[in-house]
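Got some structures for you, see below.
Note that chain A is present in both complexes that follow, paired respectively with chain B and with chain C.
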Partner chain A sequence: MRISRKTQWAVRLFFFVLASVLLALWFKENIAALPRATYLTGWLLLTLMVILTVYNGRKKIPFLPLATSKGWLQFHIYAGFFTLLLFVAHIRFRAPTGWFEGSLALLYALVMGSGILGLILSRTFPKRLTTRGGEVIFETIPVIRRSFRERAEALALQSIPEAKASTVADFYAQELAGFFSGPRHFWQHLFEVRSPLNRLLKKIENLNRFLNDQERDVMRQIADLVRQKDGLDYHHSLQLTLKLWLFAHIPLTYSLLIFSVVHVVLINAFSGGAR
Partner chain B sequence: MKEQLPSPDFNSQAYERPNQKWVCGWLKDGKPCHNGPDGGGHCGASDECRPSATTHDDGTVTYSCTRPKSRGGPCDEGPRPDGRCAHPGLRCQPQLSLRAKRGILTRSVIVATFALLLVILYGSFRWKFISPGELSTPHSSLAFQQMAAARHPGNGAECAACHAAGKSGPAGWLQSASVADPSLFEFKKLLDNPEPKTTGIDLACQQCHPHHTFHEPNVAWEYSCSACHKEHVGAPDLKAVSSSHCVRCHGDEAVMQASAKKGQALSAASFEFQHDWTRDSFKLARPKEGFTKVITEFAKDHPEFLIHRESNKDPNTLRFSHATHRADHPGMTLVNGRPLDCASCHQPGADGVYYEKITFEQHCQSCHSLQFDRDHPGLTLPHGDPAHVRAFLGSLPQQYADYAARERGITAQEEMKAFVQGRIESLRRQYGYGEELEQKIFHSDERTAPASTIGGLGIDGRSLFPGCAYCHEVKPTADLPLITRPEMPQRWLSRGRFDHSKHTDVSCHVCHQDASSSTTAADIMLPSIQVCISCHQPQGGARHDCLECHSYHNQPEHSLFKALKEGSSDIPVLFRR
Partner chain C sequence: MIISSERPERWDESTSFGNMSEADLDRLLSLSPFKEIKPDAFPKRLPLRGILQHDTRLRKYSRGEIVVRQGDHGTSAFMIISGEVRVVLQPELPASILGRKDTVRRSLFRSLTQLWSNSKNPETRQPHELSLGDEVASRQADGGEVRVVLQDVPRVLDRHQTAVIEAGEFFGEISALGRIPRTATVFCEKDAELLEIRWQGLRDLMRHDKNLRQRIDQIYRERALASHLLTLPLFNALPPEKLEKVIASAEFLTFGEYDWSGDYKRMVKSGSANASDKEPVVVQEGDYVNGLVLVRAGFARLSRKFGRGQRTLNYLGAGQHYGLQEIAHNWRKKNSTVPFQNTLTAIGYSHVIVIPTAIIEELVLPAMPVAQLPPLVETTAQAGDSTTGAMDADMMEFLAEHRFFNGTATMVIDLDQCTRCDDCVRACAATHNNNPRFLRHGPINGNIMIANACMHCSDPVCMIGCPTGAIHRQTFEGEVVINQATCIGCQTCANNCPYEAIRMVEVRDKKGRLLVDKDMKSILKATKCDLCVEQFGGPACQRACPHDALVRMNMGSLDHFAQWLK
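Up next is the complex of A and B:
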């Protein structure tokens, strides 16, 4: 029997929540009452953060038999969420005060937030890309875009001698050259806004009234290219976003680790047991 | 929709490797070169082929194209006559790959973080920056700042007043962290559950709080200051201590037994305790085992108040009946136009926490004037000292003369003489001669008093004086009678704190239920613990933590604040000016 992905997720979520509740109860009974419970949660949190950070390094040494990348990712996700529980227990359910602790908490929130954002993006964008159609390697997008542009330009130029009119070429130069020259409508694609494409197609449709049959045939081919280019931009927009969130998550993680190490030193140096 | 995009032109030889640091600069334009840049970011563009030379028999050299099939095979143009490729590579400025840019950003952020921390931690802002929160009011006061600055001149004085690490910079912090208990990597100790005894930082507390004595001398171990008092959490919270710290000892049978054992070896005098040294407290004998019963929660297992555990009696010798002073008691008249109630006599102090002492002048005299001559309410006996009474009686003619001048306006000598003689004669008729009068005044009870009726005589609501023994215990002696002074403690639950002002929502009778039926001053009309528990429990809505009534520290009369206020010599040297 094949289990659907949604069911798999529900089962995983259930076990994660169950494990979290059991751990929280165990923590409350056995650890929370200890006078140095905050130290324990702190060290555990730091250790887990270091392990989570190592995931980035693991990707750089794929030749070593250190479990599968998928396994690491799953661990990264669940352990990441577990740090949230640890963090809340560590700060004892109160908002941190003071500049340093505030900065530390803010960094944690940013890393956690960017991680959750990344998880949401990596779970939803592939589905959206599949729904939109096509399969494009991100690095080849400029090459494909160029081929679209060359084909569209060729069609526009081709129409001049055939139709003995420059209407299509002029329209291309005025309305479409910019569209084909690079990635367009980044934010609209992110939020599934189709109006820019519809506007262009509407303009093409309006132009068709003034074209003869030959030009109309050329225009139909150009319109196809416009749709393909729009799909390519869609891929570019979503795939780039899938890469860009890491620009926040990874650097902030290292910043968080540095702050955490300083935090450890400060806490021990200024603690009750310090001499 | 799927047909909108072409299938990827998957050429294994031209396969993109996003992990590579550099990409061809022409990629942006959609036409990267085949070679791509090298690892150092140098353009790797080259001619499309290196033409092969063929030397003929006549010595001429011809060139042929060697472009591989994968790139389209030999070109139509062929090499140039001089042997150069007809399709020279276009050089570019290689671009960093997205991944490489991310790496640079990451390294930049790491460096920036280090730089930021170094600048701040070695700068003058460092103490404010590392402070985990606002200091409590006393520790952020000007007096504390001046004291700290005097002891530790320079930046960070406030921190150095408590923290040894506050005397040094980041390098010193690392050293302090390594010698702390537990130190940086003593993970095993983190799992221990030691008694929270005095720690390193507590020694700093005791420099300014040298009279840091504990609530009982038989305490099993000295509790750490910083375990209870959480600093750096803002103004009002330094004194807010969780009950869990109390239960840490009082809820532990072993600790309580150790405490009881220790207490047996100490003298009774060392246990003298009083919450409020400014008020008289009812003295209760300390139980043999001390206060070492296991307590985990007020509503659950707190023992009954000590005052109720044994049949204690109020030692007050005053002959006073609360029941007789009820407004509905037969013959009770209005007092100052109002029916008598609790507030007629029991009045709170300025802060409303405790009630003021009952005094004859304020609370009794308005009804119980010491008027001994039924015809002259303005002439009353002095209260407080039998010797004064005797002196008053010995000078009775003079007292009448003064009275005549004061109250009647008689100034003529003959008229005054007649008035005085008349009054003396009248008294003799009523009570006999001087000694008899004195005996009756000191020893008579209501039946044989000079004026036995209470209430309704004289001025409205005033009674006549029935004799000292009517209210007091009077013991005859060879000379002056001995009148036992009434002892009226102001504090009854001396081991705890009580604030009447917080209980004004309930009437007096809710707690002092026996007051209206009490007929003797020996009755102790304090509520039982169950009355308190009815509200002071989780379901009752009122606070039920230990600190609501108790405080850990003993002898507040030695507190720093009191010493500062009174200019006492007990002020620590640090705070003296």
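Up next is the complex of A and C:
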């Protein structure tokens, strides 16, 4: 039986959980009681953390035959989760003591947390972006946003001589100029809240009763632009988040590595042979 | 209301190919084989003299000039008027002599140097990348055409077995009619005058002159058909005497227009790119099953009536066939015969070979093991959907509308998995001196995007008309690459590409200064995805995708694509 590409993760997860449980049992029975078990888990943890960090370096040298990024990411995810087991075994199931150990544990938690967040984002946001439609390259968003603003402004100004009234232009200046001037409703888009768009469209609808046919036609075109701009903001919000989480994960990882090296030095310098 | 409009003519100014004066025409008509052709056999709207005037041209070649290159896709045949030319038999001429590039995979160290040696300026070229080398040169012929010239003809004659083609003989006709790559390189040992006949003209000459048709058919059967049939599983087990019978019975047909790229662009502009009702019909649903249709070159759409239109079920490329299931059904169930179940139409251009039903029944089907016979035809309403079982009809229409079936390395992106991280674009740039060779943007159907990257087409229309052979296949049916040294920036390939996957760029030296010619015009070069032929491990874009969202896929195999979609 061939397993489809999109369900392979479930098979991998099953075997990972199974292997982790077996390994944990084996560790508990055979290793945990050994006098240098903490050293073993510590070095293993550090080695894994270094390998996990190297993934970022692999991305910088795509021209070398260093396996596929997909393979690296799979290893990164499962080995990352495995470090959780090692970490818990390393601290012997107790809370860290002292500010240094506390900071080290906190950094680990932040790296792990940001990693899990990134995994969730990268598995959920792409589908949401696809469903919303209007695919756009992130770097081109400001250019498209500017063109929307210019078109909306032109429509609003065009209505003044045509209708011999400034109702649409005034409405644009009061309610829509801010909306078109930059990215809006970042958090609402992130959490799929549609109320800001609905509010704007409701205001446009309410205004329509005070407009003549020509102005209504202009407002209909502006409302279309509002919807398109909202879609653009949606892409901006989600795509920016997909890029930004790495800016937390990677610096935190390097901080954790530095703290870990200091931790190793301190342990070896001041343990005095204690185990 | 009726609006009068000028009817496009076969030979108006914009479509005429010829350069013949009346004196030239008289001279041509006094030469064999044209003097033996009866002008009365031609219709009034398509006279022999008109064909020669508009569909042929006289071309003078000097010593060392290459007339056709092995592997190029040409659209015309040649006849020698005076002088002689040589065809290279074996060993083949090296790529460097033909104006191409011998691509060598980078060493590990050279790969690593890209880490610090990539240019900060766009589109820089090193001097060695633009150098032609000692063995090859280019020359501007009359009319401004650039030709590649062999520098050392005696050495070529010493080292390579060649044969002479003399005055009155044809060459290049198989490639021109079948839209298949040139099988050999032809060059001039001495000055020669050639008649170039574009494929439309050759087709019409053959249609109305029996002798020429028989002569070229015979050449086609002898040189191309046997080797082609032997590549097909259906025929490769046949003993030689039976294969000869199959070859003798084969009929060759050409549908559609050779210049499908230009047609396609016009259809896209008019919004009728997926109008299957405008495509020339090869086989009509419901018609008597008169033969097995083998697609030799180009593409054909298999469709079935659905409502008022046609629903695309599949598309066939070179090497695929249609009609075997119906023939086998009728052979086994003589009392309940069926007609063709689907319609086959040419998408753009199709060159097909038709083997009569009687021959298939007599020679091919009896030789097939029962287990390998196609299943009986089901004539229920749902039966036609089985062809597309793996893929929804919407996706099939999308692929056909955009002609994506042409790609052997199409960049397919699953947007449900793509995080828009652009690691693919960065990897492409890093492996191409900081110049990405594709756009992560393109037509979308559902969650599938076909990105704007060279697809390394099975029918590479970009290669037609390159004057120096700079754009060529790396290997037989391999990657399509461009030799920067021999690219003259004429834009023919970029204009021909129906997918707009070739970009013309102004090149710079390593300090970022624009390179200019003697008239102070900037030097243009064609650039596109080369599928990382020089790099380790294949396309960097695919290897750089962390989420398995991007794949380079041969769209000739729909099963593979359907499996990937799951």
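Everything below uses one rule, namely that the second predicted complex is superposed on the first by the 262 of 275 C-alpha atoms of A that agree within 3 Å, B and C clash if a C-alpha of one lies under 4 Å from a C-alpha of the other, contacts with A are read in each partner's own complex, and residues count from 1 in each chain.
By our rule, a residue touches a chain if its C-beta (ideal position, glycine included) is under 8 Å from a C-beta of that chain, and two chains touch if they have at least 3 such contacts.
In this text the structure is predicted, and so the values were computed from the model without any measurement.
Engineer: Just from the overlay, do chain B and chain C fit on chain A, or is there a clash?
Structural biologist: With chain A aligned, chain B clears chain C, so fit.
Engineer: Given the superposition on chain A, which partner contacts more residues in chain A: chain B or chain C?
Structural biologist: Per-residue touch count on chain A favours B.
Engineer: Touch test for A:138: chain B only (first), chain C only (second), both, or neither?
Structural biologist: Both partners, chain B and chain C.
Engineer: Which partner does A:95 contact after superposing on A: first (chain B), second (chain C), both, neither?
Structural biologist: Neither partner.
Engineer: Applying the touch criterion given at the start, work out whether A:243 contacts chain B, chain C, both or neither, answering first, second, both or neither.
Structural biologist: both
Engineer: Could you look at A:73 and tell me whether it touches chain B, chain C, both or neither (first, second, both, neither)?
Structural biologist: second
Engineer: After the two structures are laid over each other on chain A, how near do the C-alpha atoms of chain B and chain C get, in Å?
Structural biologist: The answer is 6 Å, the least C-alpha separation in the overlay.
Engineer: Indicate the residue numbers of chain A shared between its chain B interface and its chain C interface, in ascending order.
Structural biologist: Of chain A, residues 135, 137-138, 243 contact chain B in one complex and chain C in the other.
Engineer: Enumerate the contact residues on chain B facing chain A in the complex.
Structural biologist: Touch residues, chain B against chain A: 1-9, 16, 18, 23, 27-32, 98, 102, 105-106, 108-110, 113-114, 117, 121, 128-134, 159, 163-166, 172-174, 176-184, 187, 189-194, 196, 199-202, 224, 226-227, 232-234.
Engineer: Over in the complex, which chain C residues touch chain A? Could you list them?
Structural biologist: Touch list, chain C to chain A: 106, 108, 111-112, 114-115, 415-423, 426-427, 430-431, 440-441, 444, 447, 449, 535-537, 540, 542-549, 563-564, 566.
Engineer: What residues on chain A touch chain B, complex-wise?
Structural biologist: Against chain B, the touching part of chain A is residues 33-36, 39-40, 43, 96-101, 131-140, 142-147, 149, 224, 227-228, 231-232, 235, 243, 246-247, 250-252, 254-255, 258-259, 262, 264-275.
Engineer: Can you list the chain A residues touching chain C in their complex?
Structural biologist: Those in contact with chain C are residues 2, 4-6, 59-65, 68-70, 72-73, 121-122, 125-127, 129-130, 135, 137-138, 239, 242-243.
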